[in-house]
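Letters A, B, C and D mark the chains in the order given here, with residues in each chain numbered from 1 onward.
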């Protein structure tokens, strides 16, 4: 039986392969169901800003139990959760690239990807989850 | 004569019953007239993000002397208080779920509810106040 | 089978009884095994500073897997962990009043008590654990 | 030619082997010469507090260009750098477990290890550097 760290490394390896395939260096973070970090990798050349963004996307996906691109829609001006991104110490990311990790219908963690466009980040996060 | 903690527990118990009734686990916080925490409960399964959001909603209702859904309208782009949510260390929540607790026409505290949609959070906060 | 919130309330009720018995109003917090808040109560008259201290003591007991009074000894000048209290956003408390909650030999959460002397805080935390 | 991420993974793998050998789960972080995170792994069962401590130890070793156990001596009461640990947002760790990574006489990064006693943390960090 695999440890959570081994499972996280598998996800991150798959994310790195996908990121290399599309030619964009990324930062990938996996957190557990308490929102606490399990593993984080920054590929050479990735944006420095992505270190915090990747970490906070992974946290947000667990803390809100939804993909961060869903939070994006809810937090626009005039929408129900406008202002969401400034609460909780500013850790709640309201754009795509964070996904909950679901195992047997239960959220067991989150993955956060940052470095490309939002669509690229989401694609890499999805490629990672396919390796769960 | 009841202590503030006993009154806060009554409100929170009523909130938990309402949340259970609509089937959404929530976090509920009561603060006093100084905006300082009296009691906070996280129901099993509630969003982790709701810990901070519930606390900050209760504070905001006291700090602004209004329901947080009123602050929402005032803080939209183009409205008078745009940017409100980033002041005061990011503690001012600009969406619904926080209500002042009023006793004999005077604000004696605030309640903050988080975990469902904004409408659900407001409904639970109102159910709690009915137990005052 | 009890929820974590119900178990936390039992611990906090026992703590409140002990605090009332010794005549010192206290703040009591219970967190889960991820260090995230489950419940917090502030007794009328308790120190405002105890709100944060109680919360951080509960977190520290889980984060360091030891009673906070053990961390106190290790963090004195000249001792191995001098400086511990300023890391992790300043959340690691290095005086007594925080205890891990142990169930079947496993840490399932933490309790933090603040409001009295360190010895009083520890006594109240221990009285709470007896109710687990 | 290896990327910095590949080199960091090698160090962390060596650290994990050493930590497993002494039977203490640890968190290991590698940062680059800018003090910015390259990779971080939390072994199952490691202390939650070690997430921040490991990261900050790696940063400190680069930021001060010295092992963190040397900073410990300088930061004691009465010594020249007393108070060091509270500057820089509280990121400067003044106990052992952080080492600079030196390549051809030049500091190219830092490694931070947390989870055991200070001596265990230092031993694991040294075992990691042997894999550079």
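Quick note on the criterion: a contact is a pair of C-beta atoms (placed from the backbone, for glycine too) under 8 Å apart; a residue touches a chain by one contact, two chains touch by 3 or more.
These numbers were taken from a predicted model, which means no experiment stands behind them.
Listed candidates were A-B, A-D or B-C; the one reproducing the C-D interface, defined as more than half of contact pairs identical by residue number, is A-B. Between subunit A and subunit B, the superposing rotation on Cα atoms measures out at 90°, rounded to the nearest 5. Centre-to-centre separation of subunit A and subunit B, using mean CA positions: 29 Å.
Centres computed as Cα averages put subunit B at a distance of 25 Å from subunit C.
Chain centres here are Cα averages; for subunit A and subunit C they lie 32 Å apart.
Here the CA centre of subunit B is 42 Å from the CA centre of subunit D.
In subunit B, the residues that reach two or more other chains under the touch definition are 48.
Taken together, the touching pairs give a contact graph of some other shape, not a line, ring, star or complete one. Against subunit A, the residues of subunit D that register as touching in their complex are 3-5, 9, 34, 36-44, 48, 51. Residue ranges of subunit A in contact with subunit B, taken from their complex: 34-35, 60, 62-65, 77-78, 80-84, 86-90, 92.
Contacts from subunit A toward subunit C in the complex involve residues 32-36.
Of all the residues in subunit D, the ones that touch subunit C in their complex are 47-49, 52-53, 56, 72, 75-77, 85-86, 90-91, 93-96, 117-118.
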